[in-house]
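What follows are several structures.
In the two assemblies presented below, chain A is common to both, partnered first by chain B and then by chain C.
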Partner chain A sequence: MKTIETSRLTDLAQALSAAGYRVVAPVAEGGVVRLREWTKGLEIALEAVPVNSMKDFLFPRSEVVARFALQEEGGFTPATNERSTPKTVVLGARPCDAAALPALDAVFNWDYRDGAYNARREAVTIMSLACAKADEHCFCTSVGGAPDGIAGADAILRPADGGKRLVFEPLTEKGRALIPAAAGTLAEGTAATQTPVAPPRRFDPEAVGRWLAANFDSPFWKEASLACLGCGACAYACPVCHCFDLQDESDRRECRRLRNWDSCGFGLFTLHASGHNPRPDQSARWRQRVTHKFSIYPQRFKTLACTGCGRCSRLCQAGMAIAETCQRIEALGR
Partner chain B sequence: MNDDLYKPFLMSIETARDEAPDVRTFRLRFAQEGDRAQFFQRYRVGMFGLYGVPGEGESTFCVASPPTRTDHIECTFRKVGRVTQALQDLEVGQSLTFRGPYGNHFPIDSWKGRDLLFIAGGIALPPMRSVIWNILDRRAEFGKVAVVYGARTTADLVYKHELAEWAARPDMTLVTTVDPGGQTPDWKGKVGFVPAVLKELAPSAKNCVAVLCGPPIMIKLTLPVLAALGFAPKDIYTTLENRMKCGVGKCGRCNVGSVYVCKDGPVFTLDELSRLPAGDM
Partner chain C sequence: MLAALRDAAKKLLDEKRAVLVIGYADRAGRPALFASKPEDCGRLVYDASCRQNLAAYLGKPEVRARMPVAIVAPPAVLRSIVVLTAESQVATGQVLALAVDQDSFLGTFDAAAAAELLRAKYPALGPAPDLLERVQGLSKKSAAERAAFWAEEFTKCTRCYACRAACPGCYCTRCIVEKNAPQWVSTAALGHGNYTWNVMRAFHQSGRCTLCGACEAACPQGLPLMTLNALLDREALEEFDARPGYDPQAKPFIGSWDAQDDHSYMR
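Moving on to the complex of A and B:
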């Protein structure tokens, strides 16, 4: 078995970087742990779940999807738009991050294939880190995941020997390709992997989905959404949320058509030009958020649009928690 | 297949026509023959597109011309926001961007041999006009064709030149109406709301398909009239216009219940719509 001393993770990052990978890793900055592009000198922080999800690197928060050269006398001509898809390894993604990939793959390919997403997806290798602990927001076990789940991952690091070492287990061809790239930082050895600590199972997503499909007009939503400020932080932090806006941005010479993250929590999201809004208040928007994740998505794509990472409730300033909402829904359905 | 989903076709404006206050029609030509061929290979009547002005963005509306006219496309739209304002500011010879065709279509091949009743209100004639011309271009394949079209005022009626042409055709019936008070002294059509005019016309539901599009209040009051005439929900079609950005089932904003309007729609039967949550439309 391949192992690495936990203290040598930055050496691994350095080796992968030298092998031509862009390395993305959790780094502590300004009091939070954030997944970001790793550069020499940065320490890798494994303790906390990063505040942002891995989707940043597959589906960036803002990307140019088309360019136009603007002419001085008015008018435009289409311009070429180069894609940038560096070969990337995400070192220390959480299993709940990697588990989002099948859900994202589904929506970006269910009919029309989204080239920009697919190019990045093909260029990325996911090296997950199994979780040694869970906090009160974690609920992966309620949505089919596990703290050492391998869905979506190309390789997984499992904590061993009381955290001193990590066992490296490749899961795909991409994962195996990391071994030569790691250039000796992964050593042959033995280590006793720890049993991961799983968060308690809090609800049954199928029961939640059944209630959602049958209770669209329930008064539950009014009360359940009262605290929501519509800030959209939950959607931005979510590894699966993929709703986006297309907006033009231009200077005198060029127009860039941008795809930007968006959120169903925003009032403008569905506002028609006529002034009519099918989701006129926060209760309709919170219902959409929960329904999309636990009813629409499973109906369409045979997978939930939630991996139980808990980022949304960790971030929510108003104390909204989707796991709690699901628990209440399951109780309503009984 | 091109996977650069948001890279639009380049179109040039061949003609522009003012239809009604704030409503214009453009005839558009594809700058590239390959784009034109690709478009018409996929285009079926009822599909929609995204029309854009670089710097302002894109706006979603129907293709108002039928797939039987393959050298151009037409679009008719009202100026209601920033993008439609920018589109209307364009002049003949200038360019705009276009993506499409997207969505499902009216299953007109399954309507062969049946009578067809079109009911439209105001700016909702354009999505139906492409269907009507498609049918008229294949006239022999269908039964009787009737069009009931209403607007608030005579000025608000769109395609006035074509309404005259349809009125003169012996192989179809056209009934136009304006809301009470919306008529001019020389108005020859009816005065009254669409549901009332339809009730008076009382078309037979036997072997007939109804296509209905208009403002929500018109739809709401017309459906009971159609039901009373004996139209079954599976024989009543409409087209939804939800806010969209991508048009290809990804951006997530056109859901009505579990339906993606851009993919499963925009064309639905009343039967299909009745299974969707009304509170989400």
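Moving on to the complex of A and C:
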């Protein structure tokens, strides 16, 4: 078995970096742990679930998807749009982050094969870290996951020997390719892996999905959405949310077509040019969020669009908690 | 204190002086509690962990449809109610404040009475000592260092607009950042668009911000938004004698002009 001392994780990051990988890892900055590009000298923070999810590195918050050169006499010509897809390893993604990949793969290869997403997806290797603890917002076990789940991961690190060591377990070809790249920082050895602490199971997603499909006009939504202030914090932190908005921005020489994240929480979400919005108020928008994740997605892709990471409720200023909403829905369906 | 708060809230609903009471719920994270039945008021709490400015809900159409409303209001939120009244965003008699501070329930007030209470009991609310320290620390740096500090901070912004949603002062039905004909601010959550958005948000709050801290508490990325707000609060106070939220008839200095204003910068 391959193991590494937890204190030597930065050596592993350094070795992978030297082997030509862009290393993405959780780093604490100003009291906030976020996944970011690792550079020499940065400590890797394994304790907290990062505020951002891994999707930032597959589906960035803003990217240029096309460029047009503007001509002085008017008109335009398409210009080349260089896409950067460096070979990347995400070191210390959570199992609930990795579990989002099958759901993202499904939507980005559904009616259209998304070139930008797939190029990044092919270039990324996920080395996830099994969770040693869960907080009150974690609910992976309610949506088919586990604190040591391997869905979507290429390799997993499992805490061992009271957290002093990590056991490295490759799961795919990409994961096995990390062993030579790690250049000896992964040593042959034995260690006693810890039993991960699983959050309690809070609801049955199938029961939630059944109620959702049958109760589109329930008065529940008006009451359940009253606290929502309509920002994008939940959607942007979500490892699965993938709605985007296309915007053209230009200066005198060039127009860039941008793909920005969008959120069903915003009042402008799905607002038509006519002024009509099929989701005219916050209750319709909160219903959209929950229904998309627990009814529409499983119907279309046979997978939930929620991995139970809990980021949305951890970050929500208004205390909107999707697991609690699901619990209440399940109770309504009984 | 809590018994007095709950009783007062209950009374407002009983007497139909309010159809909705918005307060803080007795649950972890202190989320908003929307009480429309007197018996719901038993779950109201207030303590130092209440971070939201509940006056932000006064801009929400679903709440505006249920006026008159009463909101649990610590001093900064009282100021927000006064600012919203001064800016004609809430009509007289539509919003009542259940005023609280760390130690006690202070009573039920309309905007004019809330302003009187503030003038009597909290005449010069300003940044808390730790915030003042942040402002002073940054002020010692050179302009280039300050610009670099903010540029670095703003790269973290994802443009989720949690700060805007948190703020009672951000009540525009269509924010300028979302206007695209013409487009004023780049929508990309990158470099200059992020810088423009964050600085513009703070400027739009100058002389209106009540330093409640809800925007900073709401920011998922931990941006020090209150440092920026407090810097502008200081400018508004020193240059224009503006201390918002003490007079429901006050004209917001950013939207008014006076012949006595300093014109020395015009040539």
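By our rule, the second predicted complex is superposed on the first by the 334 of 334 C-alpha atoms of A that agree within 3 Å, B and C clash if a C-alpha of one lies under 4 Å from a C-alpha of the other, contacts with A are read in each partner's own complex, and residues count from 1 in each chain.
Everything below uses one rule, namely that a residue touches a chain if its C-beta (ideal position, glycine included) is under 8 Å from a C-beta of that chain, and two chains touch if they have at least 3 such contacts.
Since we're looking at a predicted model, the values are computed, not measured.
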- Message: Once chain A of both complexes is superposed, is A:233 in touch with chain B (first), chain C (second), both, or neither?
- Response: second
- Task: Tell me which partner A:247 touches in the superposition: chain B (first), chain C (second), both or neither.
- Result: both
- Message: In the overlaid three-chain picture, which partner chain does A:284 touch, first (chain B) or second (chain C), both, or neither?
- Response: first
- Figure out whether A:315 sits in contact with chain B (first) or chain C (second), or with both, or with neither. second
- Just chain B (first), just chain C (second), both, or neither: which does A:62 touch? second
- Residues of chain A touched, compared between chain B and chain C (which is higher): B
- Message: Per the contact definition in the header, classify A:301: touching chain B only (first), chain C only (second), both, or neither.
- Response: neither
- Report for A:220: first if it touches chain B alone, second if chain C alone, otherwise both or neither. neither
- Is there a shared patch on chain A that both chain B and chain C touch, and which residues make it up? 245, 247
- Contact footprint of chain C on chain A as seen in their complex: 30-32, 34, 51-52, 61-62, 136, 222, 225-227, 229-233, 235-237, 245, 247, 249, 258, 260-261, 263, 266-268, 281-283, 315, 317-320
- Per the touch rule, the chain C residues reaching chain A in their complex are 25, 27-32, 34, 51-52, 56-57, 60-63, 156, 158-162, 164-166, 173-174, 178, 180, 183, 186-190, 214, 217-218, 220-222
- Query: Which positions of chain A touch chain B when the two form their complex?
  - Reply: 65-66, 68, 70, 74-78, 81, 107-108, 110-116, 118, 213, 216-217, 242-248, 250, 255, 257, 259, 262, 264, 269-274, 276, 278-279, 284, 288, 292, 295-296, 299-300
- Task: Please name which positions on chain B make contact with chain A in the complex.
- Result: 1-8, 10, 52, 54-59, 80-81, 84, 94-95, 97, 216, 241-243, 245-246, 248-253, 255-258, 260, 263, 277, 279-281
